[in-house]
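Think of it as A, B and C in the order they're written, each chain with its own count starting at 1.
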Amino acid sequence: MAINWFKYSSPASFYFLAGKMIPLFTIAAIILFAVGLYIGFFVAPTDFQQGEAYRIIFIHVPAAWMSMFLYVMMAIWAGIGLAFNTRLSSMMATAIAPTGAMFTFLALWTGALWGKPMWGAWWVWDARLTSELILLFLYIGFMSLQAAIDDPRRADKAGAVIALVGVVNIPIIYFSVKWWNTLHQGASVSITQSPKMATTMLTGMLIMSIACWMYAIAVILMRTRTIILERERHTVWVGELQGVTK
Amino acid sequence: MSILQGSDLECVRGDRRLFKDINFSLEAGELIQVHGPNGSGKTSLLRMLCGLAIPAHGKICWHGADIRSLKGDYYGAITYLGHLSGVKDDLTAIENLRISSALAGVEIDTKKAHDALQHMGLGGRELLPVKVLSQGQRRRVALARLLVCRTVLWILDEPLAALDSAAVKLVQNLLEQHLAQGGMVVMTTHQEIDIAAGATQRLQLA
Amino acid sequence: MLPAQPNGCNSPDMSLWVIQRDLLLAMRRRADVLTTLFFFIIVVSLFPLGVGPEINMLRTMAPGVVWVAALLASMLSLGRMFSSDYLDGTLEQMLLSPQSLSMLVLGKALAHWLVTGVPLVLMSPVLGIQYDLSTEALLVLTASLLLGTPVLSLIGAIGAALTLGLRGGGVLVSLLVLPLYIPVLIFGAGAVEASAAGLGAGAHLSLLGAFLLVSLVLAPWAAAVSLRISME
């Protein structure tokens, strides 16, 4: 196990391994999205309280989950890169950030679309929406910092520090926003007591979540491959690769 | 085992490899002069020797231990004079000297700072803010640190830049004295200067 | 002249030393200190012009406005924390000091607070009067700023260290630190609202105190790591 780990932690072997894995994850994502959306739109019953509008949760909830998981994953990879000076883990962190930010944005956008029929407003300062917005700011901070630094080694390490500081702060931020929200109770609408969910709804949502995972993994692997090529462009193996493709 | 030893050092800046396979070892009373054209990585090498920059490959050992694991213990043994003098414009020469030596862990009183500046030929200008001094005079303020910090290894990046011939002579004496007492010096310079040392090594980059 | 030096050179003394040095430098450049303070005053005074002089609304808005202005003022002056030392090479000397770098950074962050935070704290009751705050609310506002502004300087030190020497570092640092300032903003402004609602500001102020303790321990260390990364 340990030997395998070290073998694939070299960017060159990872590049080829990822190349083989990407089609698998892409196909899995397409199939699962198709099944999940079919269940979501056609099989799942209409909600007696919320009507058809609730169907957006099949995208909204998985996106919101992904946005949070991916931030933690990003911080973990970045932290490993900082602690053990493993280049590949830092590249993974860099590759995760745009996908995480995309899911955060998707969660906010679908949240707004859902909020309009439910709450009568595109945006309410609900604790979850606000925390999600701040999460988007944290992603943007991470990406802007890395983009501003020319030296990749410094970009990796500086990004790791801000990702870790962010991860330490997320619980504090979430807890403060919740407190702030309860203090201003009048303005907010509680969505904590959601009606009991039908089994088909739950199944659809789980399938959609797994589909999002597959999509995220495929895209992150693709992006990591691009970053590897960019960073290793002066090495012998990338040179040979170009010779092969030409 | 030598006191300071660099093995297989490699430096990469952006896309370019500045140097690789640099090896050297330094004993008490010895001097290393680093030579090379502009952009050959002289400053990068000196920053590596201080532990400010991490070599892309290879390691630097002090009494056999990697300088990156020694940290504070190593910093206490070296004095680095960089390309930037580390002198604050808004402070007077005396304040600058006292602060920089306090940072290096040596506390000196006004009298001692005064004497050191006098020795560097800044007598009468100790109480002026450094911003009114000339480039060469600022450099002298920075060099005065060598007089008060009792460290073994001096790492000097172009110590003679902007100095007049009298000051060059002064620095030369200072270095010779330091080497004679068993100190060590690693320096870069574009000026040809003869310094009497137990052994002088030339390290040519690119 | 330099202030008297403490004997010995162990780490906590080193923080004091750096504080004294930075205060001395700030004294030689008083204009910089005043710029931040005037920025704070102007921003707070602009709000009534934007939203109208209705006094009840201003009274509810006051804590939030003062706190946001304090956040911005503290953030704008972050660039000064390390950049001049970076440009003249002093920062290199600090990194090579046998003293603990975290302690040096702690000294620099506290000096930043003394130079930019404390004037804001002292000025806030006067600005609160513009918004017709009661005496009790003024006291709570000042207390919350007193506990919260050092946290801003400490967290800001991390951002300032990470963006050292970068193009557009000033704008970038705002993206990095403003989201991290949010808890301080919520509990700082919340303290005043809670006391106005008769709930008492104790809980909010204790939490601000807790933030201060945690950031006193963690932030200098994280900023020191960041400085080494940025100077490499």
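Heads up, the rule we're going with is that contacts are C-beta pairs under 8 Å (C-beta built on N, C-alpha and C of every residue); 3 or more make two chains touch, one makes a residue touch a chain.
What you see is a predicted model, and the numbers here were worked out from it, not measured in a lab.
**Q** Please work out which of A-B and B-C is bridged by more C-beta pairs in contact, and write that pair.
**A** B-C
**Q** Going by average Cα coordinates, which chain is farthest removed from subunit B?
**A** Chain centre farthest from subunit B's centre: A.
**Q** With centres defined from CA atoms, tell me which chain sits nearest the overall protein centre.
**A** Most central by this criterion: C.
**Q** Need the CA-centroid distance for the pair subunit A / subunit C, whole Å please.
**A** Here subunit A and subunit C have centroids separated by 33 Å.
**Q** Could you work out how far the Cα centre of subunit A sits from that of subunit B, in whole Å?
**A** Whole-Å distance between the two chain centres: 49.
**Q** Between subunit B and subunit C, what's the gap in Å when you average each chain's C-alpha atoms?
**A** The answer is 36 Å.
**Q** If you look at subunit C, which of its residues touch at least two other chains?
**A** Residue numbers touching two or more other chains: 232.
**Q** Can you pull out the residues of subunit A that are in contact with at least two other chains?
**A** none
**Q** Quick check: in the complex, which residue numbers of subunit A touch subunit B?
**A** Counting only subunit A, the residues touching subunit B are 150-151, 234.
**Q** Per the contact definition, I'd like the list of subunit C residues that touch subunit A in the complex.
**A** Listed in rising order, the residues are 158, 162-163, 166-169, 172, 175-176, 178-180, 182-183, 186-187, 190, 193-194, 211, 218, 222, 225-226, 229-230, 232.
**Q** State the interface residues of subunit C toward subunit B in the complex, per the touch definition above.
**A** 1-2, 5, 7-9, 17, 21, 24-25, 28-29, 84, 87-90, 92-100, 104, 231-232
**Q** Quick check: in the complex, which residue numbers of subunit B touch subunit A?
**A** So the residues of subunit B touching subunit A come out as 14-15.
**Q** Provide the residue numbers of subunit A that touch subunit C in the complex, in ascending order.
**A** 134, 137-138, 140-141, 144-145, 148-149, 153-154, 157-158, 161-162, 164-166, 168-169, 172-173, 175-177, 179-180, 183
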